[in-house]
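One chain, chain A, links the two complexes that follow: it is found with chain B in the first and with chain C in the second.
Our next item is the complex of A and B:
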């Protein structure tokens, strides 16, 4: 499917990522003891990000997941590990397209979304790394829902 | 105790229409049943997870010499695969695929197409090939090759109504698949022609 992130048009198989996440969502979320705090939605929802900032924000979020999250989500469950690998490699492929698009279209992040991304990193750093990574992975549907709105 | 068992040979990937299989030659040990285990590594694992490998449980300690890797090789990145033989506690060295594999390398075959003249209507039946596949159907009135029309099917319904035909006219149809995830299309199916009712109704 083709997604419009601000001035960027990127084709991505979000359905496959969502199917992989749905298959392990309960398992991942059961490993997240701190249900009262959100990494992506605290204090403000992603939906407040302006349309023009979507390209830059999405690229930053994909980079966040690729660089910081997936590597700390290894489990003892082979099925879960395989699905995480599938999602991680799909994110890597999508981030590459987004990166190319961002360069070509010079998508810059506005002040608000820069602040929003800083808040996400602060939420993440506020927990120990494994809990933060599992919580972020457990919130993947929040990111996917926000991206679906970009179609 | 790994040295005595030889690694599997002729390790290769067969990939057609987005279905991917790893195959290898059997390791023969007289009077014994040799088993095999398969692992994969995506670009993410190479670049961000210390080159880690992930086992495919359905192909762990299997006696088969083929493994369906479709579910795991799902992103359009470069993957490596490896297989080793196991006999009791003895394990062979890993045999790793030469070069990389990506779903973009799959071979796409033309769709199976059946064209039916139902009175004045052209109907087309296309075999379902899975959610990744779209179909592009071209049709034209025989002799008017320059006036080709097209329909794109994003999802396969059992029968597609292509058009209403002029009585007695003959129409020709061909189709190809398209996979958006890898942005590639198959070659076209052989052309099939049917004649509309009016002179003689034809069922091909």
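Our next item is the complex of A and C:
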């Protein structure tokens, strides 16, 4: 499927990522006891990101997941670990495509999305690394739901 | 909050059951309890710091509570929780898993209307609407909620038992080159590609093509 992030067009299979996440969602979310804090959706909702900022925000979020989330999400369950690494590989390839857009200057970071991403990092740093990574992974459907609106 | 010491067994299987985003909390009574158990319910928006009581579901003896209004924003995710009371004692709060209205709802089949000429059938499909508690509210088709919504349509020739399957994104389909004076039965299903959601097939709508002129 082709997604339009601002002026950037990227084809990727969200269905594969979505299927992988659905298979481990209950397991991952049950490891996150903190109901009162969200990494991605509060206080700023992704759904309020302007369409012109979508490319930059998506690229930043993919980088966030590759650099700060997947590597800290090892579990004792090999099935879950396999699904996590398959999702991580899909993110790596998608980020590469988004990176090409950035090089062609189609991926401008507006002030608003920069602020929102700072808040996401602040939410992440408010927890210890493992809890923050596991919570972020458990919120993958929030990211996917938002991205699917960019079809 | 000055709660009693809670020795009552817990409500079981606390979960959301959702159809077209009519989001109803359901649970089973605590093990070993018969009548007389009362319940209260609270819910929380994931990522927001407080639990909110549901007054209409306070001291109720039924084992469900409609939280559709409270969970109508499908860009948010939710938790809900139930506590049981009996003869002066109580249970612990028992929570659902995280509920995402967008991915955790079931979708009804589409409405199907069929008309025919002598050699073709025209099919019009209508996706269900997002549940609304207040009839005055604006109607939102699930087509608006799920950009990837498609229809799978089955057309069966009753005489030859031959069946065609079509997958379409828009809501109308004309099936040409059919036999005059023949009965055809149509049923349809909704298929959302991501998140993956499939409705059941609608019941069959049969129609006979006009006889040859």
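Keep in mind that, in the parts below, the second predicted complex is superposed on the first by the 149 of 151 C-alpha atoms of A that agree within 3 Å, B and C clash if a C-alpha of one lies under 4 Å from a C-alpha of the other, contacts with A are read in each partner's own complex, and residues count from 1 in each chain.
Keep this in mind: a residue touches a chain if its C-beta (ideal position, glycine included) is under 8 Å from a C-beta of that chain, and two chains touch if they have at least 3 such contacts.
No experiment lies behind these values; they were computed from the predicted model shown.
Undergrad: Sticking to the clash and touch definitions up top, decide whether chain B and chain C on chain A clash or fit.
TA: Once chain A is superposed (C-alpha atoms), there is room for both chain B and chain C without a clash.
Undergrad: After the superposition on A, what does A:149 contact: first (chain B), second (chain C), both or neither?
TA: second
Undergrad: Does chain B (first) or chain C (second) touch A:47, or do both, or does neither?
TA: Touch status of A:47: second partner only.
Undergrad: Does the superposition put A:15 against chain B (first), chain C (second), both, or neither?
TA: Both chain B and chain C are touched by A:15.
Undergrad: Would you check which partner chain A:90 touches, where first means chain B only, second means chain C only, and both and neither mean what they say?
TA: first
Undergrad: On the A-aligned overlay, A:71 touches which partner chain: chain B = first, chain C = second, or both, or neither?
TA: A:71 contacts chain B only, not chain C.
Undergrad: Taking the C-alpha centre of chain A as the vertex, compute the angle to the C-alpha centres of chain B and chain C, in steps of 10 degrees.
TA: Seen from the centre of chain A, the opening angle is 80 degrees.
Undergrad: In the overlay, answer first, second, both or neither for which of chain B and chain C A:26 touches.
TA: In the superposition, A:26 touches chain C alone.
Undergrad: Now for A:82: first (chain B), second (chain C), both, or neither, which partner does it touch?
TA: Only chain B; A:82 stays clear of chain C.
Undergrad: Determine, under the contact definition given at the top, whether A:138 touches first (chain B), second (chain C), both, or neither.
TA: After superposing on A, A:138 lies in contact with chain C but is clear of chain B.
Undergrad: Across all Cα pairs of chain B and chain C, what is the smallest distance in the superposition, given in whole Å?
TA: Result, nearest C-alpha distance in the overlay: 5 Å.
Undergrad: Just which bits of chain A does chain B share with chain C as contact spots?
TA: The overlap between the chain B and chain C interfaces on chain A comprises residues 1, 15.
Undergrad: Residue numbers of chain A touching chain B in their complex, please.
TA: Chain A residues touching chain B: 1, 11, 13, 15-16, 20, 66-67, 70-71, 74, 78-79, 81-82, 85-86, 88-93.
Undergrad: So in the complex, the part of chain C that touches chain A is made up of which residues?
TA: Against chain A, the touching part of chain C is residues 44, 46-50, 75-77, 79, 97-98, 100, 102-103, 147-148, 193-196.
Undergrad: Which chain B residues qualify as touching chain A in the complex?
TA: 40, 42-45, 47-49, 52, 54-57, 71-72, 74-77, 79, 131, 180-181, 183
Undergrad: In their complex, what parts of chain A are in touch with chain C?
TA: So the residues of chain A in touch with chain C come to 1, 14-15, 18-19, 22, 26, 29-30, 35-38, 41-42, 45, 47, 138, 141-142, 144-145, 148-149, 151.
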